[in-house]
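This is the structure I have questions about; it appears just below.
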Amino acid sequence: MIERFELQTSGKGLYEITDELQRIVARCGLVEGLCTLMIRHTSASLTIQENADPSARRDLEAWMERAVPEHDELYTHTQEGPDDMPSHVRAALTSTTLSIPVVDGRLALGTWQGIFVWEHRTRPHHRSLILHLGP
Amino acid sequence: MIERFELQTSGKGLYEITDELQRIVARCGLVEGLCTLMIRHTSASLTIQENADPSARRDLEAWMERAVPEHDELYTHTQEGPDDMPSHVRAALTSTTLSIPVVDGRLALGTWQGIFVWEHRTRPHHRSLILHLGP
Amino acid sequence: MIERFELQTSGKGLYEITDELQRIVARCGLVEGLCTLMIRHTSASLTIQENADPSARRDLEAWMERAVPEHDELYTHTQEGPDDMPSHVRAALTSTTLSIPVVDGRLALGTWQGIFVWEHRTRPHHRSLILHLGP
């Protein structure tokens, strides 16, 4: 089964989508199986991270901002703005697809795990995800 | 089909689980299909790496320890210990889920590939994985 | 369904394989489902990246070359050449497996997304991928 999910972001950072995905799984009636999601962009990515304390997400963003900074003189691909090439590197270092087992009608995440879209661009973006659900 | 796998770790480093996973695949009787595994934690992760020479694993750990050190003044999420926030960054940079084709009743890994749990915390931890096997 | 795909590389860098994969999906007659690919090596990896402007790929390679350089005195695993251990780190930081939804008989990639083998070794290598396609 194929489902789609759209998200509006408002700058760099992690946006939790766990509840929305759980609702899609419930609506599909999948009791046991596998849910694969893919973000259809190369300047935003996916990650499974701690969803309890927002400071963990802020530190993740801060670490990434230092490891993959803008205005790096290494870059030649600069015509789409200073945040574009860093966003491709960040996407390469994180995930574009995730596959999550479904048990008892729910994504079988651990207690502290949440699913996040990681936006790497500065300006707001409309992000599109595609989901595959199978038994 | 859903299976579970538990692992006790004893500090930072890579723990090979290839043989245990091959046994689970064999026991399930899956001849051809896909095996997806997910680690249900945000301070340990998964990787497929060389399983021949232990020095490769030691170097991977050493590289990560330098790239994502403890006691980084960047971090504000510090109440769970100096190894907690680095473990989230390490998990973001590696993998939480892996999907591996099954052929002739075995995970179709390359000659030198092994599947590893990468523990990012200093103290021993009990780690839980969930597997989905499908045709 | 299991398919195989072979590729000859000629040094470090990203090699696009999107068209070849789309042809395999078409030939299999899969209309809706999931395509999982795994590269059966630990010194090359997979990534989904921008496929429009080659400068983005060159910058990705340049960033990685600086972040994970050869001749790093950290390494003890050096008997297979100065590019071997960096290739394992690069593989750990990127992806060994990718799962991509199939819609209307095609991999449901975004407009600017392409699938790439990222070769991390200096000399030419023969690389082998295995694909699983399911409904």
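For clarity, chains are labelled A, B and C in written order, and residue numbers in each chain start from 1.
Please note the rule applied: a contact is a pair of C-beta atoms (placed from the backbone, for glycine too) under 8 Å apart; a residue touches a chain by one contact, two chains touch by 3 or more.
Computed from a predicted model, the values in this text were never measured in an experiment.
Participant: So what angle, to the nearest 5 degrees, turns chain B so that its CA atoms land on those of chain C?
Facilitator: 120
Participant: Note whether the interface between chain A and chain C is symmetric in residue numbering, meaning over half of all numbers used appear on both sides, and answer same or different.
Facilitator: Counting which numbers both chains contribute, under half are shared, so the two copies meet through different residues.
Participant: Taking each chain's centre as the mean position of its Cα atoms, how many Å separate chain A from chain C?
Facilitator: Each chain's C-alpha centroid was found; their separation is 20 Å.
Participant: What parts of chain C, by residue number, touch at least two of the other chains?
Facilitator: 36, 67, 93, 95, 99, 134
Participant: What does chain B use to touch chain C in their complex?
Facilitator: Chain B reaches chain C through residues 32-34, 36, 47-50, 53, 55-56, 58-60, 62-63, 66-67, 93-95, 98-103, 108-113, 134-135.
Participant: What residues on chain B touch chain A, complex-wise?
Facilitator: It is residues 2, 36, 38-42, 67-68, 72, 74-77, 85, 88-89, 91-93, 95-97, 99, 128, 130-132, 134 of chain B that touch chain A.
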